[in-house]
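Chain IDs A, B, C, D, E and F follow the sequence of writing; residue 1 opens each chain.
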């Protein structure tokens, strides 16, 4: 995400400036540290650093996006104009908190799935927070997940609502005519439709809200027709921590989980202005 | 939030258009309904309706923001250009899902707190999702909560990081000199500082991360000095479903909970294009 | 005001560039000084400096916002690309001229009022120039005035037009339910309504277009009911240099003057490119 | 000015909405009238009408930009959503107030000058309020004035600061090489330079801060060399109500006055929500 | 392309309005027709219609994007405010002219190629005009071409400059780890690298600047290794009207031509205001 | 064009980043050179350099806009973050390619015309690519051409469509009343109208689509009435390489050619990442 877009988050928080800090911190220099208060994968340091720098504070040192850290770890040290640091503080913490929360949760799902099936991917959906799509997706990738498509412009995904308007084979044919540079995914909910989609040339078949038993049946039918290896198989709908193992044990390629981004628990992270002038090393 | 800002959410999802729907749904008319799949307080219908209308779809009927609905309730019916409806679909569902999730959670906390103390307020913090601050805050209000300040520009909130730079009494004096049109809140963590803040003229005192027992002590000290009624008392830090009752039982005015907006579970909501042309009434 | 917003002022002046200076000054280095041609309080140096720097000129030295200067004082020295300095020249002078004009006028009203009543505040209104609101308000503060609310989002101000729709007590009750983090001001024009507003819990009562004699009566009624100290009293409407003393002599807290921002006389300020290369010290 | 730019003025006033009116006026219908409280030329009705319409209020009737109206004249009647009308109110009044103030002042100067010299033009400068340039210039035109150049992109104006870098004749030659589609104006302060500029092919010669006596001498020299009719002669610098007649009596083409836009006194204009539902006719 | 982006094209042409038409056409109603002056495929009518409508003119009738029309064909009739029609005129003609030029040229290449090889695709590159990428690509699609990727965000294209930094097989492996939802294309210039790319799992192999004879050799090598059907083969670099037949005769899947968008000849199209009020039918 | 506008071109190409380069080139340093593959006048280096710098790459050395270069000339050397260089690559090449194509073509027309008539100007029209107007016009100037008006805001151009609404003399009178700071051009297609325009005070007369023979006749009529030297004469409409000489031989001032910008052939220019670390000197 470009700096001009990150600045909008500051404008959202301070359309007329940080009225408290301008009075109390204007013209004062300080040092400050950002600390995570729980263990996890950290993310959002790149974006936060860009914001602090833009407003004139110096990023003295910083851990890196994607690192696994323990609770009570200092992840960034800042120095410079106190009013600038305090202006950016909450926005930076919200970015780091949300992205680290997503990255950490993703990593847990990836690790749990890989213990059962080392080749399966854990993918995000488009159920992200409006305004944060790019950073939500980036956080999934930092956590070891598969970001899936960014949005409506980058691949063909023929969903049930499209199939309410156009028959499946015709839909695949039409988008393939339009372009061969994008993959074609079809969302289905029956074994029969999965076979139809694979036979019609879909690159990816999403089995949406299909119970594990029917998933197995679907896999069998695709294999018996020699279609299994032609497609990437994605399971979607209601996958969570309690049923992940069941899905991971199936011969699928991708499990996509809305929960990674539509039910985020921010990592607990805070910024402290140091009273004295003493520095510290990360 | 103004339509020009809502449109940015569509650009985020579809920078080069909805390439699937333009091919499969372009030029087709349809009807569609949005349904919530779990009970709760709905929110985000206003913003979603604005988006559907802007792109040329018609909002045939709609429930209202703030209504309590049961699971499997149709909340909006749309008609018109299928490509427009599908372009906006996910953004609208993300808005409704997140705002309804926040509103429903807020309502639960409000109801739980009011059973113990009918006058206490449940407030949000600035720990919102970047890009969604205004709608996160609006959802809190729709759920019966107190939105607290919108951001850094609307009131004076002297936090621990300010107090690392300026003594408490001086800080209050300085912001009061700047303006009398905004309330002054001071964040403290000891009874002594609460008394100092109240004595120095703070309108609101935020007791941050103060255990209930010390809260009580603090209240006692304020009362004994005749300062209790001069200030609004806000408790903040780690308040959640399991300890809410304890905090609600104290003689406080506001409990502020980051959890309302930093750990949102979206309400499950979906949009279905109707195959036939039959309408339905809400 | 953020640099991206300040840049819009340059785009307004030069949508296709500074066609004269690109031809005549492109690639030339120069020094230039900005001089005020009348005495007053200077403001806008921060914003002007940001613009000159953004376009590649160097601010060699600068006086500070809020300083009282005499006529014919050099307030900023610039060096660098002549085309950049000339591109920004007029926008910078317009910012400095207007902000200094506002700051100087504000200071005069503040001084005049304080000679009579050292505790009274001189406040601005929202009668600012569209596009310059934030800088108009900042200039008032630099001049020692009270900026009042920034706009419609930061406090509750119940005006006569609201009271045409909702009874006074109900209006106060409704906004107080919505939030306790913002002050509530009520605009009234009779002693009776002032008492009603104060009794109903308004934080601030604005006496709008009330003649001084009735102001006195209103103050008396509030005092006799023990309500005077519960509210901040603001007088508004038609206050100007000729009647300021009368209002300042009353026991009021704030006098708000549209004239500070709706009838601005820019300070006379100019920029001169130095022919030789000789520097000068401020 | 396009609607998307006008909307920015609303965002400036209400970044998080009109918090008072949303609570007190939301969902209420009303009628309202805008009234001018002093006589003058009205302007800004077009822009105000665009804003009210955009936010959903109906412009029931309106006077026209450029009309001369008496004090206490209703100039616009509105109907519709009260919250929309109140959201736009202050921005609309600020636009109308400033533009009408500029238009009225311009008309006075135009009339005064024309009584002496019916062919002379009264022109604006670029000393406008940042963010309002286009509307300030439009208001001058509505008042019968000459807007002069819009900004740095539309004509060649060689000022003293350019002449500190490039000799006069060379400067004219260089810009003429660049384009013949734009007029060339040269700012001079001596009779000699006026003659040089005219001789070198300037289309317009601006006599800046030249006392009337020297103006006369300059005119004489131009005439004696047969150059007077080759150029448009503009006088600039310190022209105001008290000395206008002197300048108008000279054989000049244009008098340009910074005072038209850098020292604006807004016209007094107000909006009143009607208590009953009764309409009225303009 | 969304209306808010199309409006920027008007701002580019008229930052301070259409100063001629406001004076000469303001308040006048007229009818106007847009005519193409040469035969071809028309495009850009959708975007032009959106602009005319936005500024208040009525699109009375219009041909459709993608239609083949003869020279001197009326393609759109407009009615309404003459100043609005003239404001949009040139921007609309520039959009229609460029898009129709691209669509018509694309169609010619497609037809020529299909006469030799009915299955081959003619694709665009990213060599588009900055600011017009989306419409350039859309015009290619309207002309029957393949738009290829929109930009850097929608697929993996490993180019020679990437291969200067990372070995081919490693590059493919790395992007495949990142996501399986996007196709992987590799640019190569030798038969050996084509085989390596196909063997390593590339979805698409671009043979860049490879002479036809070597293309044939490459195809042979891919076939002999059973890799031909695993990949889409794209030829790129210097393909034009004179050599198209040679390339089309090879067993390739896609020919990509920069010439479609980097060397556009606009279709000749003009707008005429009708003097009388007589309508006409398309 | 300002950096904030140039950044939009990057957003157009990479709304969600450069997904390939972030993975393959992130964190790698490299050197790269931009080379032109055909002779011509180079342009767009300023804008490209601004973009590379903004994203963190260093412009090690660069030729200058307006230089004539031979084929296979290195025109810019870059160093730094490989991902930044590759992100900007295509946008920079598109800017340089288009601007250099325009500049080179312009230079050819200028040279060809000057061989016949050293005083004649070759001018551009507004038939530019939407989004690139300013750079298209700048490229014409770099090539030695006359940019003509930038757009609808900078001069009065009374076209046939205006004359369908207002008689010629009235049109000239009306715009002259509005402002004397802008030239007035009138488009005519008969000798009679040319005389009328010149007599009525037009500064420039555009003879649109007038065959050379009639041009001569028109010139004669203007001369016989003593009007020739009062106006700049511009010929427009269908002027191209094959008929340029005929037009250049006439006693005209300006030939304007849509072909300069509406039928651009980009200069062939490419960027190569250097495999080793060796530098090279331009």
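In the analysis below, a residue touches a chain if its C-beta (ideal position, glycine included) is under 8 Å from a C-beta of that chain, and two chains touch if they have at least 3 such contacts.
This one's a predicted model, so the numbers in the text were calculated from it and none came from an experiment.
Interface comparison, B-F against C-F: more C-beta pairs in contact at C-F. Chain centres were defined as the mean of their Cα atoms; on that basis the chain farthest from subunit C turns out to be E. Separating the centre of subunit B from that of subunit D, both taken as means of CA atoms, is a distance of 44 Å. Taking each chain's centre as the average of its CA atoms, subunit E and subunit F sit 22 Å apart.
Chain geometry summary: the mean Cα position of subunit A and that of subunit E are 32 Å apart. Each chain gets one centre point, the mean of its Cα atoms, and the points for subunit A and subunit D are 52 Å apart.
Residue numbers of subunit F whose C-beta contacts span two or more other chains: 4, 15-17, 134, 150-151, 153-155, 178-179, 182.
Residues of subunit F touching subunit C in their complex: 2, 4, 134, 137, 150-151, 153-154.
Of all the residues in subunit F, the ones that touch subunit B in their complex are 15-16.
On the subunit B side of its complex with subunit E, the touching residues are 4, 7, 10-11, 15-17.
Every residue of subunit F that touches subunit D in the complex is listed here, in rising order: 121, 123, 141, 146-150, 153-155, 178-183, 185, 204, 232, 253-254.
Partner subunit C is touched in their complex by these residues of subunit D: 8-9, 12-21, 23-25, 28, 30, 32, 82, 86-87, 89-91, 93-95, 97-98, 126-135, 151-162, 164-166, 171, 174-175, 178-179, 182, 258, 262-266, 271-275.
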